[in-house]
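Structures for review follow.
The same subunit A turns up in both complexes below, where it pairs with subunit B and then with subunit C.
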Partner chain A sequence: MSAPPTNPSKSWTVKVREKGVEALPPERLLPDGQPTYVASWIYVFGVASIASLIVIIGSGCILALKGPAWWHFTGVGHFFNSIHMWSVELFFFAMVVHLWGKYWMASWRGGRGRVWVTGAITFLVAVPAALTGYVSQQNFDAQWISTQAKDGLNSVGVGAFFNVTNFGQMYSYHILLLPIAVVGLVSAHVLLVRRNGVVPPFEIDTKKAAIAATSPDRGGPPPPPPSTATGAQS
Partner chain B sequence: MSMAAAIVNLNHPAHTVDWGFIHLSVANVVVIGLMFVVFFAAILLPFPGAAERAAARRGGGAS
Partner chain C sequence: MSFLRPKDDTQPWKGRYQPYDLIKELCIAVGVIGLLAVALTVLFSSPDDKSSTISQWSHELPADFATAAAKELDETSDTAAYGPPYNHNGEGQHAAFLYPQKWLGVSHPINTAADFVIKPLETVPNDAALQSAVAEYKAAPEKQKKEWSEAYAKPLEEYSTAVEEKKTLPSTVSVDPSTGTVTVKASGAGPVGTMMTSLQSLAQSGGLEGGLVTSSGQFFQTDYTKPLLFMADGGLLAKRAEGLHLLGEQWGMMNETGSFPGQPWLWLYALWYQVEPFKSSENADVLVMLVMGVLSLAFVCIPFIPGINRLPRKIPIYKLIWREHYRAS
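On to the complex of A and B.
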């Protein structure tokens, strides 16, 4: 067996790997379980949003393969268009309930600011992702929405480079640019949740603060054994 | 091909709720109401198995 190298590697792949494992060790990236406080319905809506997003991407890929007019003249196309539309409805429904729950939990606590910000930006980016879909329908609904939206967008000065009456531009935004942004942000959001852990209830934070205030560093008793810590696995 | 008819008559202007500058379709108001119902239900309803997990944790057992 050879001895480990004494000089640090200059390879960028090694550096990226080491940084990645340091930030997200495998047992944290794919944990055995979650803390017991996660056993609550309010924690379900984040994964419900992700499940909806997977259906959106899957049905959207099928619609993209067949072209934007397919759903107008075939029953199967109409079916997949409906799957796509209703999964978007569920995505926003679940995401808004998730957002409300996390807002009232103050889920940016404990150094989770980036988790909160990536989630909020995902919501903001998902809105134009949906709007560009509505104006890509190629029907009277799309015409109505685009001609209404153009006035609003022109009033804030973005109509010159985000033209909702330009089908090609809107379709490109809808099936490429904005989905990449949403999926990238959701991926970052999930990885940050894995890194920082799910935000605990306020009561547990208060208990942790009380324990920290009486820790040996400050002359208090030693901390409790790990079995009573907040990170106990369910 | 012929498309199936809508199960409700959509051949009329949308019904709206107007309150000052707020102007919402009834359909959107219903969805917002449902989101509130689901939000409070998620807070209030017990999660299946949560009590057993908490009891197992208090007893020192792992589930």
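On to the complex of A and C.
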């Protein structure tokens, strides 16, 4: 005999689902069209940042599978370490260009402040994520960088609980705690972009300033109907 | 409109949409970035300069090792005088009334005399003369210990200064580079001479770094704080770093060994160390960290900072970014 179904109005699951779908209906989460103004090379750097992060995590997983010393004594290990290092460089390069681009677009406009904030915090969290990698290398770089970095961190008390000369602690931060934080922040950032849409050009402000004063809708753009997403290149 | 929420008349887009395949774009981007990373790997590889060891240090720079070890014993080394989080021998850095280093306390206690010299020597087997010297040293009053260790450290420090300033070397210290042995003529050093000679031998045998790592008694260890701090008190790491352009005045740790890009995203952090008043300040680290903390907070809060959040409107770089849109409309 099966148990009676939970009252939908009291179900936490139903509430979370309804809130989720309301905030991000599928066609907005995974759109098949985008505003015509999204036509510049600068937009490439956002997805390039995410793509770099995927390559970082992929190469990092391979390095983690074989252990932290593997790359020192095998050619294959060194190859994947090099991919890991260069994808980190590409990640920061793409992220910095992306951030500058978004600054000059004033991409926080139209209720998108949280999009900027999550992006900026991602950059700040990515810095210690990279630093912990540098001090976990088990080579001269790690020795030098850890003995130099300790002074700045100790001076503000951070060294009391974040010891850059403790390889075990740094390795844990590098392969687990900080990647989780970065991926979580990037996920939140992307979901906020999907929810609010890509910030429109300044021109929109000028043309529709009058409407702005009266329009109650300050949310993101409506999800693009598939029927309007064809042949609309301007 | 408020101070934090300036007038914002940005409207949701009601214009046209163009076809867009988000998943396809992401897959292509991963492919391109992956290929780029492989290409950079094939072209440039990545650096992996072998780590230095205490054994290497005591062989290559025996006098420097002996000087550093003597300073650890008489507790005048950088680590001995560091303060928190290693000991209470200093207050650490501060900025005005802010003493965060002191406030967070000693979390990784290190007694340089005991941890870097005496305890490792106590692990040396079958050396009655050494163990007798260690026992004599440990049993002596603090004042006597200080006199012995200072008497031994003084000629080494004079030797070190003479080497640094390229002056005539004092006759009280002689170094045999072929064997890496250091002979110190120090009167009134008590048992310290025997102890330090044994420490040099222990270091050269490779036993000291292992002893420092496992000094907590645990078989499995991942904490290299003690050997790293001991080595940082000497000159080997700095000597290598200088040759590899990694010193603080060479923009320090944002660089990487070889000609690799390192961590260029730390440029602003490293910049402050190159300019006054930070450059010559004894509290440079805490001041730079506080400045970076404020700048980081400002960076996150850019949308809410008057003036900074209006700058993109006033400097029309956006016309370049959206030139296709403006041309079409």
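Brief remarks on what is shown
In the analysis below, the second predicted complex is superposed on the first by the 201 of 234 C-alpha atoms of A that agree within 3 Å, B and C clash if a C-alpha of one lies under 4 Å from a C-alpha of the other, contacts with A are read in each partner's own complex, and residues count from 1 in each chain.
Just so we're on the same page, a residue touches a chain if its C-beta (ideal position, glycine included) is under 8 Å from a C-beta of that chain, and two chains touch if they have at least 3 such contacts.
If you're wondering where the values come from, they're calculated on a predicted model, not measured in any experiment.
In the superposed pair of complexes, A:Thr147 makes contact with subunit C only, with no contact to subunit B. Residue contacts after overlaying the shared chain place A:Ser40 against subunit B and subunit C alike. Within the superposed three-chain model, A:Gly101 lies in touch with subunit B and with subunit C [touch as defined at top].
Of the two partner chains placed by superposition, only subunit B is touched by A:Gly75; subunit C is not.
Contacts of A:Thr165 after superposition on the shared chain: subunit C is touched, whereas subunit B is not. Set side by side, subunit B and subunit C differ in how many residues of subunit A they touch, and the one touching more is C. In the superposition on chain A, A:Glu22 makes contact with neither subunit B nor subunit C. When the two complexes are superposed on chain A, the residues of subunit A that touch both subunit B and subunit C are 36, 39-40, 42, 44, 78, 89, 96, 101, 232-234. Interface of subunit B with subunit A (complex): residues 1, 3, 31, 34-35, 38-39, 41-43, 45, 47, 49-50, 53-54, 57, 60, 62-63.
Within the complex formed with subunit B, the subunit A residues making contact are 36, 39-42, 44-45, 73-75, 78, 89, 93, 96-97, 100-101, 227, 232-234.
For subunit C in complex with subunit A, the touching residues are 8-23, 25-26, 29-30, 32-34, 36-38, 40-41, 44-52, 82, 84-85, 92-93, 100-101, 103-105, 107-108, 222-225, 228-229, 231-232, 237, 240-241, 244, 246, 248, 252-253, 256-257, 260-261, 263-266, 269, 283, 285-286, 288-290, 293, 296, 299-304, 309, 312-313, 315, 317-318, 321-326, 328-329.
On subunit A, the positions that touch subunit C within their shared complex are 30-40, 42, 44, 47-48, 50-52, 54-55, 59, 71-72, 78-79, 81-83, 85-87, 89-90, 92, 96, 101, 103-106, 108-111, 113, 116-117, 120-121, 123-124, 127, 130-131, 134, 137-149, 151-161, 163, 165-169, 171, 197, 199-205, 208-209, 211-213, 215, 217, 219-222, 224, 228-230, 232-234.
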